[in-house]
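Report on the structure given below.
Note that the chains are named A, B, C and D in the order they appear, and that numbering of residues resets to 1 at the start of each chain.
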Amino acid sequence: MIIQLKDKIADFDKQSIESVIQNAGYQFTEVKTQQKSYLVCIGKKEIDIRKFGLLKGVEDVHRVNEDYKLVSRKWKVKNTVIDLGDGITINNGSKTIIAGPCSVESDEQIRGMVEVLKRNGVGIIRGGVFKPRSSPYSFQGFGLDVLKQFYAVAKENGMKVITEVMQLSQVEQMYPYVDIFQVGARNSQNFNLLSALGKVDKPVLIKRGISGSIDELLQSAEYVFSSGNERLILCERGIRTYERAYRNTLDLNAIPILKEKTHLPVIVDPSHGIGIRRFVEPMSLAAIAAGADGLMIEIHNEPEKAISDGFQSLNFEEFESLARKMRLLSGH
Amino acid sequence: MIIQLKDKIADFDKQSIESVIQNAGYQFTEVKTQQKSYLVCIGKKEIDIRKFGLLKGVEDVHRVNEDYKLVSRKWKVKNTVIDLGDGITINNGSKTIIAGPCSVESDEQIRGMVEVLKRNGVGIIRGGVFKPRSSPYSFQGFGLDVLKQFYAVAKENGMKVITEVMQLSQVEQMYPYVDIFQVGARNSQNFNLLSALGKVDKPVLIKRGISGSIDELLQSAEYVFSSGNERLILCERGIRTYERAYRNTLDLNAIPILKEKTHLPVIVDPSHGIGIRRFVEPMSLAAIAAGADGLMIEIHNEPEKAISDGFQSLNFEEFESLARKMRLLSGH
Amino acid sequence: MIIQLKDKIADFDKQSIESVIQNAGYQFTEVKTQQKSYLVCIGKKEIDIRKFGLLKGVEDVHRVNEDYKLVSRKWKVKNTVIDLGDGITINNGSKTIIAGPCSVESDEQIRGMVEVLKRNGVGIIRGGVFKPRSSPYSFQGFGLDVLKQFYAVAKENGMKVITEVMQLSQVEQMYPYVDIFQVGARNSQNFNLLSALGKVDKPVLIKRGISGSIDELLQSAEYVFSSGNERLILCERGIRTYERAYRNTLDLNAIPILKEKTHLPVIVDPSHGIGIRRFVEPMSLAAIAAGADGLMIEIHNEPEKAISDGFQSLNFEEFESLARKMRLLSGH
Amino acid sequence: MIIQLKDKIADFDKQSIESVIQNAGYQFTEVKTQQKSYLVCIGKKEIDIRKFGLLKGVEDVHRVNEDYKLVSRKWKVKNTVIDLGDGITINNGSKTIIAGPCSVESDEQIRGMVEVLKRNGVGIIRGGVFKPRSSPYSFQGFGLDVLKQFYAVAKENGMKVITEVMQLSQVEQMYPYVDIFQVGARNSQNFNLLSALGKVDKPVLIKRGISGSIDELLQSAEYVFSSGNERLILCERGIRTYERAYRNTLDLNAIPILKEKTHLPVIVDPSHGIGIRRFVEPMSLAAIAAGADGLMIEIHNEPEKAISDGFQSLNFEEFESLARKMRLLSGH
């Protein structure tokens, strides 16, 4: 059960609501997001939630039996729209494309890319500067200074930046140069990082874990939401199965299921999903047809020379073809 | 390496080709299909295949290194089109819908369905009469007599019938009442059944195994082809993974990969895939967007009362909505 | 619910029992095995089974809610012992080793092996003559004639033979030359084959499917049992997962779980499981420590030259070391 | 290739070695652990490593082609022994048991347990105070103050403490009260945490990820080692597969494979593995038979009343039975 409190609730009324909850045998967690205040109540007894609706100071109340509560569509039926400013939104009716290089390599690389992206209506650019890599001897990204340059070029061109944050201590450092924080698959259950991002007033995109279940993804989102940040985006990026014909099993089944379970936007990353450049386009179109709210695509001016993930990055021509077909498809 | 022989090759020329193959250190299997004759050659040495192309009696020769040979697009670049007669084809440019009940329940059921199917341009009706079931105490299908009625109604209405064959001894019995033999996921590596279906002059649809790899599906098709039957259809129907939010992980990644690897038509069964009725439509559209040649959909006049698989069957209204959207989508 | 009927039950009494079952809203399947007669009853209502126990002609009655019934330990608490004659048994207190080549290659091969096996107290020899292979161009086994020789050598030496049957039509052919029929992983849900083996009066060993669940293995055994054959052996042989460091994930968790759920003997095939020769010994010992009733091991006089599966076959010295350690371990 | 430098190498000699490496087309990472100094060299060209062995200042050199280097047995053949002081070691010939509650609940709980542990020769006690939980509303552990009490009781009794660290900022806080830092399955690829633990002079136990590969586990260990800490322990705790009959698929295949690939100790956690109390004993014995260097077992005075994981915790009697059987088994 979730109880949304009125904005200007008297302390006395709140204490009174809390007593009623406890007397009903329920435990509660108080959640204050940047927008609203909630009491998330957990218990096993059957209760009539209507009596809570009548209490003074209660704005709304709903029963939510899932392990995730505030991200559930049973709590909030209307889609969450992410407004990034400057007219750039996610989940506001049209399909969003996020595109950019796996790793930000240089100022020139980004400048060369921006024109292509703008011509195709892309308002959000991705690019990694901290790269989680299985081996300590692999390239780990160019770090904060390059992020600053990356952000400057994007801003100059009216674009928004999304990039991966790998640890708590980076949140503050990266904050001025990021429009959306991305949590990678390997950190999908790094609960301390998730909680910290709940304190931030910028949107957070959470990738599904390498073998994360759909429910676990929703619970990870619940960590951020219940720590104070309602502006969340979920991202399907492929799961680990026995099949070896591609990089990961991009799980498009997750799309209609997530869209039913949650009010948050759901985007798909086919580049890390199927992981093979020439199959990124069909999987992108399939993701949109399945109901995804957008795509995150890796592109590179010369994929053959990319520092990382070149085998799954589109060149500009391939990207423009994809963007064109996507516009046609989502025109329906 | 595959060598296609000329239709009217002299015995002497054939023996001569075979000697050259053996002298090159290769083993060969002679394959006579209902259309052509091939020598499928296997060996490890590097050889110059051009010298085989010059031999008398050789129509064509190609290098194919995969474990599957005759079904490979390296052998045959052009799509295999399945012509079922009466103007009904698969893989001939337009998208095919196969639809019908999980189990054929009665004459009335089928008659009631035929009208809906025809109105939506569906030329092939599915329906099981032999059902492979995990438990020996579950409903096992109504058997041969009901197949005869099913086939009669379909024929009367100019429709083609596809149904599952579970064992070798059924092939002959079912033959007069079947237009396409279906091999189910559990029999995907029943090699004796596959070989027997190679002798039959009707098309065969092979489902991917429950945890079958894409390569194994192609090798299963190779069994049928190398036993004599070139008219094959592959079907993605979901794989077994750790995720429990749906029935199977419908693996749409398999579509662009199969379309590249093989010349055979690839269709998708979202009903057994995601296995949840209200998600069959988005997954169907996604399959088409990913490049599938068609769909196989379970429908029922009253899904709530179906003997089997009601939870994943569309009612007529839902099916017509799907068919309409699919026409719109594949109009591009 | 399972009702065991008395051996000499009057027709009238049986009909009376059947009426009571039907009046209780249950459906039943009559099962006559080579030993006993049962009525396997399925229904959803809560019933008091004691009233069935009082009916004339009823020997015993038990509630079994699982999808598998007759193979459940809820039905039969005592272990099923497989008596193969000549003092060779499975599940009779001591641990059983089954060993032999992947493929029977020649008379000499078997003769050379028999001495080693006998010296180590092995009474059952394995060896394939029909091999299920993913590719139609791979070696498919030497067939029936070699089985006859194999059986003759084994009999001469007082040993029992287990070999894989791949299809229904082979059952009759192979019958005279087989002591235990083996159903391979790919045929684990070939329900027609399983049912046919229910009519045979020789034991059947069923391997878990490539991605078969523990419950499905039990239901496959139920197919054979409910078709008339109680003498069954279950075999864990590894499942398909994402891990690529070995051939299959030998799932030793299945052992204590199967031993609790069923009265049938459970043996383990580490050769196909981990699939790497030098790791067969530790996995064998682990299987015994986990409670397995026996092992099935691939051996070869010269593994490097084996026609199939040489990389997972032990040579004689390695096998003797394993057998020695196993005796030591199971001495407890 | 790994080059171990002499302890007192002249700067000039070191620069000279580095030049030779670079001239050979290799990149290197300098690794200083608390024991030694290494140059880990990565490159693709074939080189004759003997010429590096002759350079002044080089102690030893080995070729290591795997993605993990310093943890490889190709680098160091001899087992790493973890000496915790007070005569308590891991991987020193005998099998180690680590046992304790899932969550530390109280001073009394620990005091009551210590006696049982000591009677069974257990020198290391486990107990969580920071618990990673999928849901933000679940119990998250009692935190630092309880750790202090836990450590005090253990110290008083001559026992060592292992507990999970969840984030970088906890490392320093927890340091005085921990003998072994544990990295949980969800943090198995939290590379920042791993690197930070490389700076610490206490041993680190790393659990395999929820669907982590064996190679990834070794690479995670490489992160800690290459950051400076050689005292590492690996822990198999079950992987995520399709099977639902138990909690996780405890993968005992990993044991002989890890023991061959690395010189680090390998222990097994059957409590989180199979996750069912009555099957912890057989899986423990199987782990030891497969070659594991030790076990980590959850126990509780009253499992039915445990705050977390009671269903997989042994009571004292069950634990003593297990410990007894393990001593018997490893007596061989």
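Rule of thumb we're sticking to: a residue touches a chain if its C-beta (ideal position, glycine included) is under 8 Å from a C-beta of that chain, and two chains touch if they have at least 3 such contacts.
As the structure is a computational prediction, the values presented were derived from the model and not from experiment.
S.K.: Which of the two pairs, C-D or A-C, is linked by more C-beta contacts?
M.R.: C-D
S.K.: Among the chains here, which has the CA centroid at the largest distance from subunit D's centroid?
M.R.: Using the mean of the C-alpha atoms as each chain's centre, the farthest one from subunit D is B.
S.K.: Using the average of all C-alpha atoms in each chain as its centre, how far is it in Å between subunit C and subunit D?
M.R.: Centre-to-centre distance between subunit C and subunit D: 39 Å.
S.K.: Roughly how far is subunit A from subunit D, going centre to centre by Cα mean, in whole Å?
M.R.: Spacing between the chain centres: roughly 33 Å.
S.K.: Express in whole angstrom the distance between the two chain centres, defined as the mean CA positions of subunit A and subunit C.
M.R.: 50
S.K.: Among the residues of subunit C, pick out those that touch two or more other chains and give their numbers.
M.R.: In subunit C, the residues touching two or more other chains are 211, 215, 240-242, 244.
S.K.: Write out the stretch or stretches of subunit C touching subunit A in their complex.
M.R.: Result: residues 211, 240-242, 244 of subunit C touch subunit A.
S.K.: In the complex formed with subunit C, which residues of subunit D make contact?
M.R.: Those in contact with subunit C are residues 211, 213-215, 239, 241-246, 249-257, 260, 273-274, 278-279, 282-283, 285-291, 328-329, 332.
S.K.: Which residues, counting only subunit B, touch subunit C once they are in their complex?
M.R.: Subunit B reaches subunit C through residues 29, 40, 42, 67-69, 132-137, 166-169, 186-187, 189-193, 195, 209-211, 215-216, 219-220, 222-223, 226-227, 240.
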